[in-house]
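The structures considered in this document are given below.
Both complexes below contain chain A, partnered by chain B and then by chain C.
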Partner chain A sequence: MYDVPHGRNEVAVTDVKITARNVQVYYGDTHAIKDVNVEIESNTVTAFIGPSGCGKSTFLRCINRMNDTIDICRVEGDIRIDGDDIYDKRVDPVQLRAKVGMVFQKPNPFPKSIYDNVAYGPKIHGMARNKAELDDIVERALRRGAIWDEVKDRLQSPGTGLSGGQQQRLCIARAVATEPEVLLMDEPCSALDPIATAQVEELIDELRQNYAVVIVTHSMQQAARVSQKTAFFHLGNLVEYDDTTKIFTNPEDSRTESYITGRIG
Partner chain B sequence: MQDHISSAFDRDLEGIQARIMKMGGLVEQAILDAAQALETRDQELADQVRANDRVIDDLEELLNEEAARVIALRAPTAVDLRVILSVMRMSANLERIGDLAKNLAKRNAVLMSMPAISGSTSQLRRMSRDVQIMLKDALDAYIQRDEALARDVIERDVDIDQMYNTLFREFLTFMLEDPRNITPCMHLHFIAKNIERMGDHVTSIAEQVVFLVTGEKPEEPRQKEDNTSTDLGLSSMQGRGV
Partner chain C sequence: MTDITPEQTGSNRSRSSTELVRQSLARRNRKQKVLQGFGIAAIFFALSMLVILVGSLISTGYPAFTQTHVELEVFVDPEEVDTENLSRGNYDDMIAASLGAYFPDVDMSSRIASREVTQVLSSGAQLKLRDRVLADPSLIGETITIKVPASDNFDQLNKGLIKRDTPEENRRLNDAAIANFDTLDAAGVISAPLNTTLITSADSRFPELAGLKGALVGSFWALLVCFVISFPLGIGAAIYLEEFAPKNRLSDIIEININNLAAVPSVVFGLLALAVFLNWFGMPRSAPIVGGLTLALMTLPTIIIATRAALKAVPPSIREAALGVGASKQQVVFHHVLPLAMPGILTGTIIGMAQALGETAPLLLIGMNAFITSAPSGPFDSATALPTQIFIWADSPERGFVSRTSAAILVLLTFLIFMNAIAIYLRSRFERKW
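Right after this comes the complex of A and B.
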């Protein structure tokens, strides 16, 4: 395996939401992301795939500046959402993260009630003027998270008391409560059983109506099932970015082919 | 191409490909034997071709089962998926060629009871020999992932079509000359048509090789040279006062 990007990265994108240009990420001396250029579409699920340590999660975390919290991490290049540079000094990362929601690998509900889990974001961003408005926001978010029917009668019970799959959908509801435009998901189903995974995947497809969804996944079958576009990362390079169907049936780059057919890990 | 991390997956794919090659070898032999039985009026050999077709049918069944199992258990993608898809289509083509060879052998008994039509069986044998070589090359192209050889096979089907056209006219002439030739010539014509159909199936196998290697079906459809279906045969009748 050679260490140069040369695959097909230019892909016809219609409605661009996120543009990344010449993005480099360093952890101390380690060059983790090497000159990544990518355009991510609105109302599309984009999957990032690649072996462990290929940089897919690192790149995902650049999109809502989660890497800011790591001292030795340095991000260079240009990432824009709707044309606005998210690394501009005037951008408040907290506001950015309201616009760019994130769901993590392990469900991580706050040790609070189901209601408060969802209400927390809207409250700190001052989205509701009174209790009735907040109730509405919480209900809408829980419905979007496809969990409302299961929790509507026990909104005051602790979120941590739900099953793993329910917790993850609660976290998705929490992420959409602040009305984000982009939803980042870092292996959202890796801790879930197949049924809960199917429910979350169904939810991801519905969320696409309203958001640009970017999902990092180790399950290639999941990427094939839920995404319309797929980006393959290898050794910090974006090797190939194309329609998911193309990537999984006839990829351009031999490294992509080797990875998706289970020849390199 | 490197091996899979899962060596069992490699073994599955190798097993399937070994089986399709075995099937291909049996079909090649069936073509040759059927044509030889025809020329040498060898009923025993013809019966053998008919009996052997069962083995070819069983192999197709087996290949379909194995392909379905790999799809279910290993969710093949990209080139692996194309191996499975192409094997499934190729085994269907091979099974059809086997049937056509069996049909040749079936007509042997009837033809043996009639006077021979001069020269026709040796021409048919040449034609089936060419089809068999095309099949051999298509299968070699498959194993070697040789796109150029596969495209060459696709080109060569034109020759088979032309041979069929020639025979079609020849049989027409024999039938016009003497009505007693009609029955054997009808049988011989079906045989020629069957060999021409074998050529089409071989072409389809070669197209699967192109698909396997490139991920795309060959772009332009091959020029059809068999125009007997639109030809009323009038040209053969002209000048004969019929």
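Right after this comes the complex of A and C.
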């Protein structure tokens, strides 16, 4: 059905990084995530696909407790990273978010310089001992965000002055600068041109060597290209979760098949 | 549009909807015109009121910016000065003697006869001479040239505010007094330089000696105290309420109360200050420290509301971005939200301070309308403030205070316009597009 390239989709024997059990999310009275169970593996790219409003972003934001910031949002169930319950009272969400980086659906650079955007995370976590180290971290992050060549001559100009796609790659650079173990990406390529998209996909594949990457995408091709595992959400339910190759060639659920062939969405 | 005939559009429905839009468009345009008309009329009305206000202030106030002076050649008679104590000396006699040179017919040694002539000068004239001699005792025995202020009535005469064609019995100056003034004028010793006294002196019973220094310094101390208290407290309270406080009944009640506090009439704060600061804590009457505390009570809600609005205006995506890289709540607020909200906070603060600068009623209640002839040297000294000084002068019977009241209002307005200009500058300079 989809042209699945070889190599990237090979599923290695990996450890489970994130376990979600019976997760329910409510926005006030709206039941946005209904009883989701999933195991996300390390050294793997997991794609979340599904029609708009089905709860992909909501579930993604549960993994770094970003939903805590929404007053009306209530999360039930059990989410564990490396076996530790992240909703445990003793867990500080600040520490969790340093471990679980996030790229948001809309690019949101700080209204500061490009350099400061990337350097902020490493700075507050004390990752650099001096300016030279910080410079190295910033350069490395910007290179991995596939934006170094475009901004290396104007690191001090404001990040908000970049184009939408450049801003999104800056946000990716900012997220990887803190060396998270899990990287959550909410439609990171929706504002990017094909070349930048290819660069970001390259980055995602590279990040997989060390991290667990979860990516929300509306592009079936992208899910097929970069991910090893795919989860299909529909109306708040996790309908199907399996190897990407399996989902795109031989889905079990009829809704999955309808969606990837373009009949619902 | 008009060249599309029903046949061409092919469909009845689209033709009728075009027609409907066309019909309603005329009505909508008419409504918009009416609204614009009202808007322009309202702006015109407001502007003309402003022009009338400022125009009348300037036309009554401008004479106060000059002051009639008389230039005298005074012989500092060593016999009249007490060399032991320079401030004790018959300086008024020396002045009278020098004035006598222009009036050979008047016996200046007679107090009653000389009074007719010396009334041209302000009673502050001898003080001016005394201060010159005190500053430089080597002048004793010399003849010096000194410019002394004319008294209020003659100042008014010189400015044309006392009219010569008014019948003598209705005039504050009789013909003889006017003749004396004209003699001096003919001798070329009358001049009307810029009235620096208005800024450099404190209050006085005599308009020609009265100035705003006491009020300006008093207002400065009061505003400083007000700022030092209300700015940190206001921002702190706003940050807590907006960013950290749990959203529940209690915080709702607090919010409502703060909003109500901003609407409480200022005189109530004055009564509160009178009861608490003066009667209970026994703080000094008429002191800028109490005035500042009272004004701080009033400014606090303004700053809290402005700060909360500014914090709220920072888009949530910035907070999420910072939280997403692992910033703590407090780091999010102090590294990102607060700096972005600062222009709005400063604007609100300046507007609050401008309100405080113009506030009168609470200061009257704590006695900052006392008659004080020297500028305060600190926030604990008795003082007036600009608006209360205006209140005092407006209440004074002397003619000279009429124009000085307007002049003082103009000075106050200048400060207010200046502060508002800073607020507008900050707002436009740091306005951000996210």
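By our rule, the second predicted complex is superposed on the first by the 252 of 265 C-alpha atoms of A that agree within 3 Å, B and C clash if a C-alpha of one lies under 4 Å from a C-alpha of the other, contacts with A are read in each partner's own complex, and residues count from 1 in each chain.
Following the convention adopted for this analysis, a residue touches a chain if its C-beta (ideal position, glycine included) is under 8 Å from a C-beta of that chain, and two chains touch if they have at least 3 such contacts.
Note that this is a predicted model, so its numbers are computed, not measured.
The superposed arrangement places chain B and chain C next to each other on chain A without a clash.
Residue contacts after overlaying the shared chain place A:66 against chain C, while chain B stays out of touching range.
If you count the residues of chain A touched by chain B and by chain C, you find the higher number for C. Once the two complexes are overlaid on the shared chain, A:111 sits against chain C while remaining clear of chain B. Applying the stated contact rule after C-alpha superposition, one finds that A:243 touches neither chain B nor chain C.
Once the two complexes are overlaid on the shared chain, A:181 sits clear of chain B and of chain C alike.
Contact with chain C, but none with chain B, is seen for A:171 once the two complexes are overlaid on the shared chain.
Residue contacts after overlaying the shared chain place A:102 against chain C, while chain B stays out of touching range. When the two structures are aligned on the shared chain, A:160 is found in touch with chain C, with no touch to chain B.
In the superposition on chain A, contact of A:121 is made with chain C only, not with chain B. Superposition on chain A places chain B within reach of chain C only down to 26 Å, the least C-alpha distance between them. On chain C, the positions that touch chain A within their shared complex are 247, 315-329, 331, 335-336, 340, 432-434.
Every residue of chain A that touches chain B in the complex is listed here, in rising order: 220-221, 224, 248-251, 257-258, 260-265. Partner chain A is touched in their complex by these residues of chain B: 1-6, 9, 75-82, 215-216. If you check the complex, the residues on chain A that touch chain C are 64, 66, 69, 71, 94-95, 97-98, 101-102, 104, 106, 108-111, 120-121, 124-125, 160, 171, 174-175, 177-178.
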